[in-house]
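By written order: A, B, C and D. Residues from 1 in each chain.
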Amino acid sequence: MPIDLNADVGESFGRYRIGDDEALIPLVTSVSIACGFHAGDPAVMRHTVELAAAHGVAVGAHPGLPDLQGFGRRAMRIDPDELADMITYQIGALAAFARAAGVSLRHVKAHGALYPAVAGDAALAEALVRAVLAQGRDLAVVGPAGSAGAVLERAARAAGLRFVAEAFVDRAYRPDGTLVPRGEPGAVIASADQAAARAVAIARAIAIASVSGAPVPLRADTLCIHGDAPGAVELARRVRAALQAAGTTLAPPA
Amino acid sequence: MPIDLNADVGESFGRYRIGDDEALIPLVTSVSIACGFHAGDPAVMRHTVELAAAHGVAVGAHPGLPDLQGFGRRAMRIDPDELADMITYQIGALAAFARAAGVSLRHVKAHGALYPAVAGDAALAEALVRAVLAQGRDLAVVGPAGSAGAVLERAARAAGLRFVAEAFVDRAYRPDGTLVPRGEPGAVIASADQAAARAVAIARAIAIASVSGAPVPLRADTLCIHGDAPGAVELARRVRAALQAAGTTLAPPA
Amino acid sequence: MPIDLNADVGESFGRYRIGDDEALIPLVTSVSIACGFHAGDPAVMRHTVELAAAHGVAVGAHPGLPDLQGFGRRAMRIDPDELADMITYQIGALAAFARAAGVSLRHVKAHGALYPAVAGDAALAEALVRAVLAQGRDLAVVGPAGSAGAVLERAARAAGLRFVAEAFVDRAYRPDGTLVPRGEPGAVIASADQAAARAVAIARAIAIASVSGAPVPLRADTLCIHGDAPGAVELARRVRAALQAAGTTLAPPA
Amino acid sequence: MPIDLNADVGESFGRYRIGDDEALIPLVTSVSIACGFHAGDPAVMRHTVELAAAHGVAVGAHPGLPDLQGFGRRAMRIDPDELADMITYQIGALAAFARAAGVSLRHVKAHGALYPAVAGDAALAEALVRAVLAQGRDLAVVGPAGSAGAVLERAARAAGLRFVAEAFVDRAYRPDGTLVPRGEPGAVIASADQAAARAVAIARAIAIASVSGAPVPLRADTLCIHGDAPGAVELARRVRAALQAAGTTLAPPA
């Protein structure tokens, strides 16, 4: 079974730089690109899409909340219809750069505070799915693996869209399959070796240890590297090497 | 020869309203819709595209400078490559709403300070044309009729794109075919009757009187109604009625 | 006992207009002016401060969430320290226009989704109070009258700041003194006569009828007119006339 | 004669970082702090003001054009009255953080494309001076030394404001005392040693070599280090050391 290795990229803005996309993109098999609401701007989007296209990496949209200052990480109460419109706008903007670069968008993944919001709220999940569906039946919806993504997965499948379950190799999980929130002790897996070991386990469908020690099984189609984290490039290199050493095929979701 | 009657619409933003699009859109044959940089937001864009689709009015993108506070009317020095990216972004965002509404974009027309900028500067004209071309050979480029649009027309035709020459029924022209700038005496034609008479003349390819009295011939494919002007709806009604009374067919550019 | 009649003003932005401030400001005794985050821009702020100064109306800051598109009405999770900084920024910006116009700011009142947030959350209330205090001990804090404002009132008084209790003449109250949320039946008092009658009762410290019919006593120092509501000017005129006919003195909080 | 060493700081935004203000601020005697239009946000402004206050460094406002994406470096046509309002707003916002930190603003210096604009255009210079004057007669106006700053200097002095002439130790000058524009060959002095030598010469009122070799005398009160340039901290260290070795006193303008 192949697995996808993905990164969130294109998060620079104007003169501001976040992430080393030139180094990171060649290491992954798909990328989710910021669309100008929480990060990214037209020039950054074009450049990032071209970079991904040049490396044969699958391109998806990473729409976020309209909050550049908060990097889309502040929870915001958004009306579902308005959210659908915001997602349509951002997918469309990125799709234009994809078209100019001769590639097609393959998936949509919500960013920041929107990620858990659409994964856990049926009305918001439905809004995202509706927006995605209107742009094409071949766009996959990416969301959290396990119980945390169940609401979004159900909405996507009900609409006939593929759901791509995502696990985080650098984040701790609770026994119930939800993430330990940032800020809580042990939430982040700092060791690249440990992250790589978890990547291999998840790729082989072997349960990993939750924060309590109890095993947590995570069925995932894609493994995420946070492009803006310090050490992201090194982490990606280790995870990629470990997966390849374990005989896993790296490939974007079919 | 049919002529197109167009309006700039979708210029509301959040709680802020500009223009009476519900009344205006049924009176014209094409609209240029703001794309969120100088005006418009995702919800307004969706609503405006749906409105145009419901009335069978041709939809185009109206990209502008990133300056909501200045309504895109402040001249800004933009690098041509960056301008191309901004236009790509805006066309894509609007195209997503068009796709969701089951229609296709038909043209691209620069807004505000960008309109004379791309019409008069070869590098900026080329940037716009390049951005449009990458989104589809069937998108027309709209620009000023006559000498004021010559640079843009040349760039569009060189790239194999259709150029749609636009005249303004409510603005005075100089003998050389350029507009009398806003702010100068007599720049705006306030009388709806006079505007309607000019519309009929232009549609029949009869020279109109320039601000000096000398006749100025204006070969135009489309006549513009400014949607944000007070009295825009009444003006559109009169112009439409006058053109129909004169036996002119109203239709979007072929 | 005098009472203050206040309005939220300065909510236009660029070419976008909200409210008829020219007509409304002469009818009230204090105004809260938007500071550019949810509404308002530098030119609008200057003009609005000058208008208030010309009419001898007390000027206060109306800081909001950084969300022009949502008019500051979308709830957003903000870190208290960051909120304090946002409020400091907005107070300072408005204070500069007040200084230029030769007047001083008299109060600070949170706008939109921030209004209930700072009224009901101790950490956010403390953040607002801290920001206000650092700009001057003579600035009053405006918040909801009754139980809904208790947390903010306590925080303000603990810091030695005056608290100005505000009641809404055009909104229905529950028996516990909290507002009936917008969107629920009967939330808005549409009749100007009824609003005027409530204003007189509140000014005389007579309990008004809650939405259930049970009386609700509201000790208020100021009565709010929403400047952006349709009919705001007419409502202000009626309320003002009714209060004057009842012998109430209209004056900004001492 | 003492000389001031200044840096442009506070240019981070949200999660985005520019410059190493913690290291740079202790090396200079005054700073110009971004005010949220082209860079900076409320949290960054508070932090930067506190940092400057802790190091006893004089604080000034660095207002810019409303263009975060272009970092305030794109020329934009702004109406002078509107510019005055934008500057008032930004000075006020920063002044509130200064007040909270127990310090006073000492100067105002335009940023980016606004710097040459107000230095060279009488109407814009007058607009800036008017905005500054309304906030206090003790605020100095910073602008280019020599002929490039003559228009602004005249406007400031006519209003009774102090003008602080600024020279750039890392930029080449033409024989007429204007800067060689960025992008032209030799515009930037990359060598820290050369920059330090120029700093010492300017501090001693010795003419430096212009780009043509001809000497150019530059009467300057302050020397600028660009905080966002790579190597800014090292450059500041060298310039500071060279000035001290030459027996020059470093101090903010009196």
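FYI, contacts are C-beta pairs under 8 Å (C-beta built on N, C-alpha and C of every residue); 3 or more make two chains touch, one makes a residue touch a chain.
On a predicted model such as this, the values are computed, not experimentally measured, just so you know.
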- The chains touching both chain A and chain B are C, D
- Message: Using the stated contact rule, I'd like to know whether B-C or C-D comes out ahead in C-beta pair count.
- Response: C-D
- Pick out the pair in B-D, A-B or A-D whose interface repeats that of A-C, meaning over half of the contact pairs match by residue number. B-D
- Task: Note whether the interface between chain A and chain D is symmetric in residue numbering, meaning over half of all numbers used appear on both sides, and answer same or different.
- Result: same
- Between chain B and chain D, what is the separation of their C-alpha centroids in Å? 42
- When the centre of a chain is set as the mean of its C-alpha atoms, what distance in Å lies between chain C and chain D? 39
- chain B residues touching 2+ other chains are 41, 69
- Query: Where on chain C is chain A touching in the complex?
  - Reply: 66-67, 69, 74-78, 113
- Footprint of chain B on chain C - complex, ascending: 13-18, 41, 68-71, 228
- Note on the structure: Within their complex, chain C touches chain D through residues 36, 41-43, 45-46, 81-82, 85-86, 88-97, 99-100, 131, 134-135
